[in-house]
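One structure, pasted below without further comment.
Chain IDs A, B, C and D follow the sequence of writing; residue 1 opens each chain.
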């Protein structure tokens, strides 16, 4: 993260923001049973209870323990359980065994949250700037885990043969099919990218720097489910020529024939969501596709994926807080686009850019320096934000990143092409 | 199972037994949270909730569905979830994914139990003999799952770094160290083994037949923790010559250095149990050892494991219902032996006999014929019954069986030798 | 092995036998290139060159090194390469990496053989009895490896998409289809089984002891390819009810639909052999079937596999040296049976007996004691001998053993049933 | 590849080049036995015989079969065996089973080469331009396989516990330790990168385009073995903070403690090479390190890896044909650097750039279009060329690429830093 000086007045503001972020996490687990919140459905996912506790551990460790004299840990056994990957913080529970921890219970974890919330809000006015920065970081960190909590929960429910709905479906509003893709053209030019120092950003978003983008065109909307069904019908998942070699291996090994959570019966496609299994909406953006699928689709469409800087340059004039993002607990789903280009919300958009450091990047000192830099190989950058991204979390310079086979996030596709 | 004709009076008796068996299962899960009852800790183990539901599915399917006209399934989606391995009953949920089923909840499964209990008790007086036999089989089946429920729960709790205790420890009564092993000698002779047709038995326990046992001696008690600690101290886990080749591979691959759940710190051995982590009692029978370990220990001791017929011949005069077996919910643990030879309770005893069919064995027709016969390769017979075996379930001809590397059951060792 | 006292005269006899055994191994590799002799096609198989060298290492280590003062190893680096599994002989090359050893070359290994042959034949008249016994053991040991060399070579060639023939096919003699299976009946009786001390036997074949066999019938011939084709046509590989649970898992995981090396095209079945791919002969015994397949076939046929003692009792009156066994280098293949019951040659016959020690079994002291005893779990006994067994190697009490999924040996099926 | 028009005179030149390239491959295998040339030591590596045959298949398929009327394949079974990964050319032998093909023999493969050489040289004067381009491409393709042949052979020999030397060691010339690293500085600027259309290049090297490089400094030489030993001594392989997360997982899972082929005994480091095991030369460039190791070293050194464009811009003025590259068969090894900056030879240099397409990249049509584009994910670009790169093959715009854990190539490290 980029450290920001805090004024006294901002402490009140930060206290309100902290309380609000914490409350959303708790609202998200309100419909969950103890078991729903405990089970881990795959190594990539974590239990909801773990997300609740890990985000709390983050505040307790880096703010309370490190900055409050004589602070007593809520439970000295919790750091082993709830540290995620911070090597500097010592040994920790194996990632793939997070689902074994039936105790502490969900109620005990909620009590842990309450205790840390109280301690932090009591202390906040006296915290030094370094700690205040960590509170800010912790809020953004928790927002990231809110999105993971939702997508991990979706994965868990999808593994249950009964396919339970966590929330009732939102009412559907009939929407016209989107217009054909329009193309936003750009000559070769040098652009400024990366965080400009105004407001919060994670360390990997900077330093701001110049980058040369080639002459290109970028689509004014993302690919829809209807378009994706044509790709399927055209044999897209069976034609090796469309795929990266590793992607073709993945398709064959995993037997992939459609986006995650899709099923076909008698020619009708459905998808599973937190509101249960429902028809695929052809007008809505396709989601739950891997980088491999996104790349193969682009090849099939005679296009390519945009680079992260092409995307960022195109998005810089748009409202990062607009669009279909997460405001409250409830089912989340990409929705048919309204008129005009939109770059934020609905789905994270795979770019063709590998996740690597910017010129001059330096991870911050200490354990929180493990936040981003150590993941900079083998993953691709996604831009924009999704229907599961807490509103306010997205920005044009934001860099999300996943491995090319992963698709349990709300991941979609925007096309680009060379001019 | 061996079918038994039932008289009218026996229906009341059976109804009482049914109610009593069902009540014990529910008592066992009383201290569990929804999460405790839902998580699966390894492929070999099942969630407590699954045990509760699967035993209920057994009664519902083979008694109610098959023998009561117009019976409506409690939930038509449950057979897919709760069939264990009956191929004849169709497709079913993958064994290793049983822990994904957070819904139905524990409460919903208990309601399923109540509904099936009511339906069965209402119908029992009018059930045909074939159905009555299946009720009897279902009770014995549920007793087997009670033991698994306890051992699976122990394994789950052991995977939690906090090592929670499910029940408080039973009070310890000081007991003298057992006397040295005495040997019960036998000349070569032909013995009768297998179920004699009096009372219930599983199909694999018969037919009763003659078998020749060689001249041999069998120990009058099982090996103790104290004796096992000497095996460890003597380098037993590091000496390839003591081990079967597959066993040595297992020891090295898994890094095995002691029985399951044992830990050593500063020269003191502790074990984990459902009452938490406590000191190993040197006077109590060793348990949670694999066949490989049992065989290596016997080699180290200059002895061998008994065959299942040597064991059965020696046990025939002893009370199968005596000794340390499970009477009620609560922590279970092998206890130091009282005076005199005992063959039942405390620990299942590995024999040197592969689990294979007896001469003339025929599996019964239909789905319940998959109960035993199809598992007759690669496993070894265990005899006796353990501290987690419901009292009344054991008998001299009972054949338990596990793979040679498995040790999450209460498995121990009795020695034998050639004369 | 069972030690035998040797007279002076027998040294000449043993020298002749030693030379003859050694010569057959070399004849078997005569048509092989250096590459043919070096490559390892799977973990279970070894390169031909390794067999040549390992059998030589056995004589060099246990006879020359241990019994000839001042004997100098041919190459001090060879023991690490060519020890198979003798823990007492120290560290050794990983079994699965035997195919990496392109050097020493085949010619260098043949030179190693010549040197050890010379040294041993020079020394043989002066060897102490203990060493003479080891020479005898070494000859039998090498005969076992001759059979493995042939079956491992067959597996290697089968992995080459070109399916090369190592030898030209033997001329086919038209043979009438065998008569339907006849049944040899036996009342329950106590039989003597195991090696009687006359001549050589491996240690696992004794001690000779009494065993009770139940009333039963055993088939007078093995199952033919034609019969097996009816099993296939009847859906035998697709009917879970016929299979052991582990066997059904194996069939599904491996996609097994026929014996190893069989292929079907346009309704015609062929098999691959060391003479290339040729039509399956319906009159010949089926081979290259696993225990799982043998057991499923027997279930389908309303029969079962014989126990090893039923088999031994039935075979005791028959000529162990008769039938289709290996006399010289060349293609080997089961052949249609001549008239009358035969128990030796063509195919090893799976029994229903787990490979376990006899009453009173004791492995011999020292490294050669690792020969048999440490493999006594998880494997099944096969009896009889095959077309690839060197003639003279078989006997009624001989116990071969493999895991239930293995089928690259010449393994077949004889039925039995209860009376 | 970038197509180039060919003049008549260039056909003679091309014929000479073709003959010369083909001869070097054959010289490389001159010291190999049939077995040496047949065995495959890991999935990533191929047998020498396969390299010889695959490169021949390339010419036979894309030149002779596609451009010579009535050309008869040398052996119609070879395309299945020797196609590498061209999906458009149909099914092919599994990559990991290339070592099973003991037949055809090395001699038969050499005969295949001779036949294709003759056919191609006979036809070359009449080949159309498109075919001539493919001959050119085939020569460059074969040069790539020459380097792989050498590195795959080194890996194979390293798997042999005897560690055989394929060639005698080259005489060592005493060389002074290199001077400390000097830094070549550059302001931020726009540079031209990629192939300029003069002479041959692979398709992935273009199109030529502008790129912005930031202000930075790049080292004037690569990291030496001596410097790497200081990294080891400083605990570099044990400090998680220095490593990418995936790299740290790799180090722990594989137990990595030094570059591939290094061993330490009594404080002395040796390395295995095609001339056997010898002392590590502290003055020579370190090699056989993975991207993960390169990145961790750079972090330890307070630097970073250069991007591929920083490297290319720095290398553009240097002689690509100079330095320690492969001129003939014999042992190859990085050598201590002569004075002055050098960018070619000795070791391929890991860059921090993911291997992705350039703006405007289009794979060529048809099967040869699978050459590069489909591998553009998950791999990193290496620049420069190594001691095993055939001289003439390297150029400033050349893009080699491997996965971050791979290190059996001659891969090394050049540092860079931000200004």
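Here is the rule we use: a residue touches a chain if its C-beta (ideal position, glycine included) is under 8 Å from a C-beta of that chain, and two chains touch if they have at least 3 such contacts.
Predicted model, so just to flag it, every value in this text is computed and none were measured.
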Candidate from A-B, A-D or B-C with the same interface as C-D, over half of contact pairs in common: A-B
Most distant chain from subunit A, judged by the mean position of its C-alpha atoms: C
Where subunit B and subunit D are represented by their mean Cα positions, the distance between them in whole Å: 59
Rounded Å distance, subunit A centre to subunit B centre (Cα mean): 46
Chain centre separation (subunit B, subunit C; CA means) in Å: 38
Multi-partner residues of subunit A (each touching 2 or more other chains): none
Touch list for subunit C against partner subunit D, complex: 33-39, 41, 77, 80-81, 93, 97, 99-106, 156, 159-162, 164
Contacting residues of subunit B [partner subunit C, same complex]: 85, 87-88, 188, 190, 209-212, 214-216, 240-241, 243-248, 291-292, 295, 304, 352-354, 356-357, 359-360, 374-378, 380, 404, 418
